[in-house]
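Next come two complexes built around chain A: one with chain B, the other with chain C.
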Partner chain A sequence: MNTIEERPQQASTAGPPTAPPAGRHAVELIGLGKSYGPETAVAGVDLAVEHGELIAILGASGSGKSTLLKMVAGFEGPSRGRILLHGQDVSSLSPADREIGMVVQNYALFPHLSVARNVEYGLRMRKWPKRERAERVAEMLERMRLSALGDRLPRQLSGGQQQRVAIARALAYSPRIMLMDEPLGALDKALKQDLVEEIHRVHREFATTILYVTHDREEAMTLADRVVLMRDGRMAACAPVEELYLRPPTAYAAGFFSGANLVPARVVDRVEGRARVEIGGRTLDTTCPVDPLGSPVTAAVRPVCVVLDPPDDAWALEGEVTDRLFLGDSVQLKLAYSDADTSGVVSCLLPATAPGLPGAVGEKVRFGFTPDTARIVPDDQETR
Partner chain B sequence: MATVETVRPAKGRVRARPWRPEAGPVTGLLLAAPMLVAIVLFVAFPLVQVFVDASSGGVPVQRYTDVFTNPVSRRALATTLTDSALVAVVTVALGAVIAWTLHTTARRWVRVLLWTTALVPFWMGMIIKNYAIYLLLAANGPLNALLMGLGVVDSPLSLLYTKFAVVYGISYSLLPYAVLALYSVFVQVDRSLLSSAAVLGAGRAQVLATVVAPLVRGGVLVALALIFLLSIGFYVTPIMLGGLQTPFMATVINQQVFSLYDFPGAAASAAILLVIAFVVVATILALAGGKTLRRML
Partner chain C sequence: MSAPRRAGEKLFAACGAVITGTIVVLVLAPVVLTVLLSFSNDAAIQFPPQSWGVQRYLDLAASTKWLTALWLSVRLALTSATIAFVLGVGALLAIHRTRLPLRSWLEQAGIVSLLIPMSAYSVAMYSVFSQLGLLGSFLGLALAHAVLALPFIILVGSASMRGVPPDLELTAITLGASRARAWGGITLRLVTPALAGGFVMAFQTSFEEAVFVNFLGGPGLVTLPKAIFDSVQFGSDPVITAISASIVLISSVAVALPLALTRGARR
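And then the complex of A and B:
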């Protein structure tokens, strides 16, 4: 486990030693922004990453997450702001001088070099002596379970093996941080799960700081300590992963990260300091102490918090099944409801064995939301 | 409930003839026939006829040795080969810069400009191209005017009728071929390899040397062969820009045919040029390796 510190002295020409300087962040982004002409790709991002943290940068395409990563890597010069790695300002350094490791979606392994030579590449560029290179490569191959494949060419490897080579190559020279750009983007679901576990193990064993860019919230959820949610070039949210999932700060975060239904509601009362809202003529207790009475708000309810045939008529809505997807252990329903002044569609996720589960599209159902699971979320549509 | 549209029967005739996704051998042969006839008539037959003509009457072997012993044709052969080798190197070097920039630049206008530059020689007639270069290089032409204006030279350089003029002219004509051939090779170099190498610590020159060069080596060799082959057949440019003092083989063959009426001799000269071309191609393809070929085909 201590191999990260076993870095040969002659290799430390670029940048400070790998041991984290006390009191400094692994990564610090200060007002980092990028514009292409009048277009703003990234607008003033501030972020401090602790040593050994895995930060998922999550966002839809065009949200600026890739541009952000490119700036940290050095492929794009920032228009504004600074990038600090281990306290050193690297904003104007070349990618080669930043001492970072990177794993990209197609792994970008050198097709003309063997696995071992791929892993060795960064060490050769750092002019490590031959013997130490060989030792380090052997060690990395062993730790990434690639020892038997050292002489193979990349195209002779499976996708999972290629990813392990890419990680070994990126970590061989003990970079200050590791950047991962959608490393699982092009894979099928079963393989994805294996590789997620692999990345999790690498993060644990190598104790590397990782910035992990993805558009897949499940990847972000499984891997990350903290999630940075990007939207329109801005940081829409930044919070520990469970916090963000269970208590999304904004409607966008609730929809994109928690997959919650966003239901228009109106605050009608306060019970023990928390808001009671009205949805489709029924009232519902929420977990949030907000808003003046009577104001229109958005309530976020995750699909698992929708129940069928609620015992209490006071919060039961009448709806119709408009779509039904069988997902194995669970069934996803789309329920359309309408009322005098509101109408909408909510998505709900029920166990496949739930009693009274509607069997077909078109069936009428009574449904409601589990009390105290709804959250009032501020509408952030206008941040555009 | 969702309504299901009733399926209406399709209008028109209903065909019951069996159909297979791949065309049968007769159809294939019929489709290929015009091309096969053209190849036999215009490629295979003349190729054989060249060697037949060279051997007709007299002492066959002597015709071939004549090409090397006759000072005129020997000099022409040497000029053709050395100039074409120069052309190949110059054109591939220029073409590589253009093709690589086309592959890597993010700027649209650079791409448009370079494609235009690279392809313009394609759109001009051979005579027009050479005449333009002739005017450019003339003693009172713009290039000499520029050199004298800058004070580099005192009197006009004689640029025309030199090796330089010939290599310049042929290179200009062949640049599009080099760019297209090299571009097709370069686009196969994944740009993420370049950024990965950079992150791994390689400077720009190191990226070129350790990643790009090994990946494009075969393609560059093939481009060199292509340009060399096209160049040794040039006729107009060596005459217009090289004059009659430094003729190419094509000029000599032309004289043999139209001035000396020495058809067997012309055939022998052509055959030797052909054999040299074949040897050069075979050597370069062997160097490039079968892998490169399979990737290009």
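And then the complex of A and C:
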């Protein structure tokens, strides 16, 4: 088990970070899959990550996102496909030889080592000379604002400080990529916000390529350049954050990432890129980027695109408030509507100061979806 | 309003104190008595002692019989505790850090010697040892004691290993450590205080063991417990009070040591 000694020496293991090789992706996953017996955990994922990109791998539990990360880290061997880091096929390398930095939930700081020794660990394992180690540790502590804490033990640190140590340790030897596995998974919301900002700063200043696994869409939204949405072991979507949020490609992406209402509708008329649909007996103009295959379709409407008392009766629906949540600046309402053959509940988000805001559950309201904000999305039920 | 309840609580507390006190006295009185008697210069053991002194400790120090037995016991306990330690640490690695099939059974198997009655076990061991030619040999007895001592390493080590997140080791590996180095440098390092405690308990188990040695030891292997046993059986050498007092001292240190070690590690 002397992998360290047998390992081929690579230029980037010692000394300052080398420039990434031009024209190659930081990470390239080619048909990557993992099966446990008959169970498929990850099915054929293809992904190319640019240098310096922060990719959020988002999904519910059991979606395969953690298995994907474990394969990139090297803790799980892929059943199919290949993993390339900076153009090198690392599929069969041990985690120690892949030159990755890893930050896990609860940070996994070594409890018996001081902050400085934690940060130094990777450099010692990679046999950096003593003086360079000391210089690098001092530099990392400085850059992560930990200089005063070098002699402390991890348990003497706050949660935020621990995260900074974990990041400093992972980045100390200038890894090719940093993997973050739900780093904020166990934290309360207030602390989370601070740490999200910290990760954002680190990403900007160190220009590291980061794969960030999370189940929290807000984290993904705030941090990521691009989001990979995982579902049932497949890549359900992969797009820049704003693109994915505003123009979700599928009903699942619209529901999970944009938090949109998925409203059943019928296509009445259709022109290039748009469609007139019937919802609850009323007609509405919608954006329709894809050719709807049948008449019953799904319209995705984000809660902020619901308006009260619409000026045009043509698309106004009658409904009843079934739930009301005061969220501070805004109020979230659940509105139930029905007609002869359709019924549904939509959630809507209104400013707390909006005129005519229903005050109680049970009130009748007129509401509608702002024209062209609703978006016809293909169902992806069949991929389930 | 709460007066009757307080009276009830007081009664409970008083009962508790009396029961605890009785148990402590019953357990400790013979020990204290032994220590007292060891500082008597009487020719035979008698209570109350007629004269005081350290004659028995001088006799103990001068007697080859007792010192030989003591030295044998120390060597035997060190050997068997070391065997149990090496086996136990290997088993802990397999149980907690591999995907070995039946690894949970391994843990059960490691502690099974705690459950089997010693006398039945000894008889079984006797027939096995006689076939292997291990009867009356130091190695044989050390192996038998190692089996008895193994559960302490496994139990204490397992409890401690469950407190070490596997993420620590995985992270160490991503940082460039080999599997062996990550295990030795991180996980094993973190459970060392507990393992040291387990080692002391293993040592003590062998040091005090008096059943196996009678079955498997033979005339050539007289450990301290066996020497005491023989001496009581064939007469009463007053030196045994000095030996008993010494064992009490050694045992107390052995019990206090792991506590001190774990407390030190927690700080």
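Quick notes
To be clear about the criterion, the second predicted complex is superposed on the first by the 357 of 384 C-alpha atoms of A that agree within 3 Å, B and C clash if a C-alpha of one lies under 4 Å from a C-alpha of the other, contacts with A are read in each partner's own complex, and residues count from 1 in each chain.
Operating definition for what follows: a residue touches a chain if its C-beta (ideal position, glycine included) is under 8 Å from a C-beta of that chain, and two chains touch if they have at least 3 such contacts.
Remember, it's a predicted structure, so these values are computed and weren't measured experimentally.
With the C-alpha superposition on chain A as described, chain C and chain B clash in the combined arrangement.
By the touch criterion stated above, A:153 is placed in contact with neither chain B nor chain C. Shared-chain residue A:30: touches no atom of chain B or chain C.
When the two structures are aligned on the shared chain, A:239 is found in touch with neither chain B nor chain C. In the superposed pair of complexes, A:134 makes contact with neither chain B nor chain C.
Contacts of A:191 after superposition on the shared chain: neither chain B nor chain C is touched. With both structures placed on the common chain, the touch criterion links A:304 to neither chain B nor chain C.
By the document's definition of touching, both partners, chain B and chain C, reach A:96.
On chain A, the surface touched by chain B in one complex and the surface touched by chain C in the other have residues 73-75, 94-96, 98, 100-102, 104, 106, 108, 110-112, 121-122, 125-126, 169-170, 173, 179 in common. On chain B, the positions that touch chain A within their shared complex are 1-2, 190, 192-193, 195-203, 206, 210-211, 214-215.
Chain C contributes residues 165, 167-168, 170-181, 186, 189-190 to its touches with chain A in the complex. Per the touch definition, chain A reaches chain B in the complex via residues 14, 73-75, 94-96, 98, 100-102, 104, 106, 108, 110-112, 121-122, 125-126, 169-170, 173, 179, 361-362.
On the side of chain A, the complex with chain C involves touching residues 1-4, 73-75, 94-96, 98, 100-102, 104-106, 108, 110-112, 121-122, 125-126, 169-170, 173, 179.
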